[in-house]
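Each of the next two complexes has chain A plus one other chain: chain B in the first, chain C in the second.
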Partner chain A sequence: MYGCDVAVVGAGIVGAACASECARAGLSVIVFDRGPVGGGTTAAAMGHVVVMDDSEAQFALTSYSRRLWRDLAAELPAEVHYEACGTLWVAADEEEMAEARRKEEFCRVRGLRAEILDEAALREAEPNLRPGLRGGLLIPDDAVLYPPSAAMFFLGRAPQNKIEFRAGSEVRALNPDGGVILGDGTRISAGLTVNAAGCGSPDLTAGLPVKKRKGHLVVTHRYPGHIRHQIVELGYLKSAHSVSSDSVAFNVQPRANGQMLIGSSRQYGAEHPGVEFGILRRMLERAAMYLPDLGRLVAIRSWAGFRPATPDKLPFIGPSAGNQKIWLATGHEGLGITSSLATGRLLADMVLNRPSEIPVAPYSPARSLLEGKAHG
Partner chain B sequence: MAEIVSLTINGRPVRVPSGTVVAAALALAGESRFRRSVAGHPRGPLCGMGVCFECSVTIDGRPHCRSCQTLCAEGMEVRTDE
Partner chain C sequence: MSDANSRFEVVVVGAGPAGLAAAAAAAESGRRTLVLDATPWLGGQIWRGREAKGGSGSAKRWLARLQATDAVVARQTTVVAAPRPGVLLAESPEGPREIGWETLILTIGARELFLPFPGWTLPGVVGIGGLQVLVKGGWPLDGKRIVIAGSGPLLFAAGAEYRAAGADVVLIAEQTDLGKLARFGLSLPRLAPRKITQAAQYQASLLGVPYRPGCWAVSAQGADRLEGVTLRSSRRTWTERCDVLATGFGFLPNLELPRLFGCRTANGAAVVDDRQESSQAGIFIAGEPTGIGGEGRALVEGLIAGFSAAGRLERAGRLEKKRRRAMAFSRAMDRAFALREEVRNLASPETLICRCEDVARRDLEKFGDWRAAKLHTRCGMGPCQGRICGGAVEKLYGWDAASNRPPVFPVQIGTLRDPEPGSRGASK
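Up next, the complex of A and B:
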C-alpha cells in the first residue's frame, strides 16, 4: 500500500523540522517514533541557538538556521520559551581574549552582530561572574528555547491533512525501495524515507559513522536574574575539540522561569545513559570557578543524553550514498537544536529540487565515503 | 519523652518534638501552602522523600530548602512565601 510521499523516522527536533518543511511544501508525510515527539536527545538538550565557527560549513549552517529561528520568533508559541538573551563568551585570560577578538572579527566581516566587552563591561553584564576575568564577547542575536516544545510546534505547524505522527512505532528497517518496515512487520511504502533517528540512525543505515557523545546537565531551582545571558567559557573551544578524552566546560543558561541549566560535559564511548557523579562533579566545579555563588544554590535535577556525533562535526543532510530513496538528516552532535530549522529547509529544497539559500554539498552524506575526509 | 524544639513558622512560634521534619511541623501548624508554582498555584509536599521539590520553603533565609528532608532545629526560622 502506498503510504505517503515521505516517511520520516524520528520525531526529534531534526525529524520534526524535516517533516514540517516537506508537508508545508505539499508532500504527504508520516513521522514514526518509538516514543513521543522530542523524547530522545532533543529532550536532554539545553536549547541554545548559537552560531558556531569551527568551520565555514558549520558557520554557514548555524548562522542560516539562527536567521530562520529569528524569522520564526514572533510565531513561536509561549511554551517554546524562545528568548533572544544572547551568548556571552567569557575570556579568562589573554589567550582567550585573543580568541574573543578573532571571533568578533569573524562575525563582523560576515555581517553578524558581535561586541567585545572589557573586564568592567563584563562585570556589568553579569555581576555574579567572579572578579578577575579578562573580558568577553557578546553575540546578542543568539537565543535559548525549550526543544521538545519546538519539535511539537514544527509538527503542528504543517497542514494537518499532510502530516501524520505515529507515536510508539518502532522502525525495524528501511525498505530499500522507499518506506519502512515496522517492529510488528508492517510495511509502509513511501516515495522516500528520511532517517532522522539521531543516535539510532546507524542501526537503520549500516556503516553510518554516527557515534554517541554523552553529555550531562543540571537544572537549578528558580533564581531570576542570577544570570542574564547564555554564558559560555572560551576555554570551551579547547575542551570541546578534544575528540579522545572526557571533557567539561562552563556553560550556563537562564530559563524564562528563573531556573538555570548548567553544563556541559562531553564523553565518547560512554554507553550507560545514567548520570555519572564523577563527571557531574567536575562539571559543577568548573561552573563554580566562574559563578562562585553556585554552591549556595539548589539544584533540582540532573540527567544525561547522547549527542549524535560525526567524525567531521558536520551533520548528514541529503540522499544516502548507497540509495537515492533513503535520505539522511542526522549527526548534528551538539548543534541539532540550533540547526534543525536549516536542516529541514535544506532537505525539503533538495527533495523538491528548489534552489537552496546556502550550498548543501558540505553536508552531503556521500562525503563520508570520500578519501582523505580532512575537515577538522 | 522526646525533647521539644522551638522554631518559628512565618513568624509564629511553634513547638515540636525533636526529630520532626520541617514538612511535618508545617502540617502540624496548619500550613497547606508551602510555596507557589511558576503559574502561582499553591504547592505542598508530594513525594515526601526529597525527589519532587514541591515542598520547598525558605529556612533561615535560604530559599528552596526541601522541608521533607530537613529536621527542625532550635531557633529555626521557616517561611512559606516562595
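Up next, the complex of A and C:
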C-alpha cells in the first residue's frame, strides 16, 4: 500500500520537527511511534534551549536552532511554556572564569549576546547561589520550554491532512525500497523513510553508532523566584574529562509554574531505566554545593532517561551511508530539544534540494564510517 | 549499617491495624522487628488519636499486644525510597534514616478516592476522611450545616462523629439504592455479625438525620465558597443549603511502595498469595493495599503476614478461614457500594480533574491513555503527583495512573542527598 512521500519513525521532538518541516514544504508524511507523541527521551528531558560550543559544528547547529526557536516564540502555544530566561554559566574559580571569558569572546565574535558577570553581579542575578563564587557568564537569549508539548505543536503545525500520526505503531524494520514494516507485518511504502527513533534508531539501522547515555532529573515543589535563569556550572570542564565514565554536573532550571528541575548526570553502559540512588545522590550533592538551601527544598519526583549519543557528539542528519531511501535524524545526545528545529529544517532542505543556511556536511551520516574507525 | 537500630529481620511499614497485627505476630515469633509509621501515633487512620487516650476496644487490645513484644517502634518515620536492595530510605525528625530488612511487610493502607463533579473545588467541599481527621484533631463544627454524600458504611461513622463535634448533619445521601442495601443488610448476620451492633449504634447516634439511599450529589454551588449542593435521586433533583459537603466515594489502595519494589498489581490492588506474600519473594503486603476491606480484614491479613514473614506458615494457615470470611465480606461491600455510572461521570467538560495543574476534563478527553494525557496536559505532574487525579481518571476512563518513581512521598532534598544518613552536619 502506498502510504506517503515521507515515513518518519519516531514522534519524539526530532521526528516531529522533521515531519513538520517536510509537511510544510508540501510533502505528505506519516509518523509512526510505538507510544504517544514525545513519550521517549523527549519526555525525560529538561528542555533547555542552549547554544553550545564544544565544536564549530555543534555551535553552528545549536545557534541556528536557537534562532529558529526565537523566530517561532510568538507562535508557540502557552502549554509549551517557552521562556527566554537565559543561561547563567557559573565560574567557581579563576580557571573557570577564564573559560567564561573565552566563551564570551567566542559568542561576541559570532554576533551572539553574552555578558560577563563579576562576583557582585552574579550575586545580584542569583541571590541563592553560594557566596564566594568567582563570577559568571550570562547568555540572555537561551531559553527553556516543555518538550512534549513542543513536539505536539510541531505535528499540529503542518497544513491540513499533510501529517498523519499513528500512535501505538511499533516499526519492526525499514523497507530498503522506502517505507516501513510494522510489528504486525503491515508494509507501508513511502518515497523515503526517516529513522528518528532516538535510542531505538540502531535497532532499525544496523551498525549505527548511537549509544544510550543515561541521565537523571529531580523535580521540586514550587519555589517561584528561587532561581531566575537556567544555571549551569563551568566546572563540567574538569569533570567531563575524568576517566570515570559516570559524571555529574550542577544544572538547574526554573519552570514557568515555579517548580525547579535539578540535573544533571551522565552514565554510559547503564541499561536499567530506573532511578539509581548512587548517582542521584552525587548529583544532588553537587547541586547543593552551589545552592546551599537546596537540602531544605522538597523534591516530589525523580526519573531517568536515555540520551541518544554519538561518538563525536554531533547528530546524524541526512541520507544513510548505504541507502538513499533511508534517512537519519538521530543521535542528538543532550541537545535534541535545542537542535530539533534546525534538524527538521536541514533535513527538509536536503530532501527538497533547497540551499541550507548552514553547512550540512558535519552532520552527514557518511562520516560515521570514518569516525567509527577512529573511535573504535 | 552495623548499627543495631538500622537492621532488622522484619520491617513493617505502616502501623495501622494491619501493621500492628503484623509486627506483633512477627515479634511474638522471635523475629527482630521494626514497625514504623509516618504519623506520630500508632493505629493508622481508624485508630488515630486512640493511643493518646489510652485506647479502647480493639485498638486497646492490639496496642497492648504489640507493647508486650520486643518490636521496635519508629514514629514520624516516612519511607520514601529504596536506594539499594534490602534497604529503605526514610525521613524522620532526626534526619534521613537507612533501614535494612531481610523481610518486608507493607501495610501502608489506603487513601480517599475523590471524584470530580461540578463545584468540587469550592472551599467547603471536603472528603469525609479528611474532615474526620480535622474533627479528631479538635476542629469544631458547631452549628455547621453538613451534607454527607457518597457510598458505604463510613458515611454513618462520619455522620456520628460530625454530630458529636457539634455539626448539624442535614442529610446523608447514599448512592446505592434501597434494594441493594437491603440485600447487603441481609447478608450481614452471616458475613460479619458484629457489624450489626455497630450499625445500630450509629443509627442511634444519628437519630433524626435523614438517610436517603439511591441519591447522590451532582454539583456544589457557591460564589467564593460552598453555599449549597444539588442532589438527585431517581425521582427528583433538588438543592440543599449547607456550609460543608463531605463526600465519601470510597478508598484507593496505596500502591506506590509495592510498585517501587516491582510487586505485581491487578485491578488497582496488590496481588498476594495465601500467605500475603507478593510477587517479590520476601515482600509481604497486608491490609488495604491488597483490596479495601476495613479493619477486620486488615487485622487478619496483618497477622498472617507477620507469622508468614517469621516462617510460621502453619500458624498463619490456621487463620485461613477467618481470612476467607473477611474477603467475602469485602466482596459483598464492593458489590453493594459499587459506584453507579452517573456518579463516576459527574464531571462536566469544564470541571477540573487535576487541581494542581488546572486540567479540565475536556483537556483530558483528547487522549487515549494516562501517559499521553499526563505528558500533554501535565495532569498529575503537580505537588500531589497524581495521588488525587490519578484515582479520578482510573474511575472515569479506566486508565492505569500508576507511578513507580521515587520518592514515594514529597521529601526534603537533604534526605535524598545524604550519603551517610544520620550524620547530617550543619556544614553541609
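One rule holds for everything that comes next: the second predicted complex is superposed on the first by the 363 of 376 C-alpha atoms of A that agree within 3 Å, B and C clash if a C-alpha of one lies under 4 Å from a C-alpha of the other, contacts with A are read in each partner's own complex, and residues count from 1 in each chain.
Note that a contact is a pair of C-beta atoms (placed from the backbone, for glycine too) under 8 Å apart; a residue touches a chain by one contact, two chains touch by 3 or more.
The structure displayed is predicted, hence computed values, not measured ones.
Aligning the two structures on chain A places chain B and chain C in a clash. Judged by the touch definition given at the top, the superposed model places A:354 against neither chain B nor chain C. With both structures placed on the common chain, the touch criterion links A:39 to chain C but leaves chain B unconnected.
By the document's definition of touching, neither partner reaches A:102: not chain B, not chain C.
In the superposition on chain A, A:277 makes contact with chain C only, not with chain B. In the overlay built on the shared chain, the residue A:295 is in contact with chain C alone; chain B does not reach it. Contacts of A:187 after superposition: neither chain B nor chain C is touched. Looking at the superposition, the partner that touches the larger set of chain A residues, chain B or chain C, turns out to be C.
In the superposition on chain A, A:113 contacts neither chain B nor chain C. Aligning on the C-alpha atoms of chain A brings chain C into conflict with chain B at a single listed stretch, 132-140, out of 132-140, 150-158, 222-230 or 276-284.
Shared interface residues of chain A (contacting chain B in one complex, chain C in the other): 221-222, 257, 296-298, 300.
On the chain C side of its complex with chain A, the touching residues are 81, 83-84, 89, 357, 367-369, 371-372, 375-378, 381-383, 385, 403-407, 410-414, 416-419, 428. For chain B in complex with chain A, the touching residues are 38, 53, 56, 62-65.
Across the complex, chain B is touched by residues 221-222, 257, 296-298, 300 of chain A.
Of all the residues in chain A, the ones that touch chain C in their complex are 35-39, 43, 79, 146, 148-149, 152, 167, 218-222, 257, 262, 274-275, 277, 280-281, 284-285, 288, 294-303.
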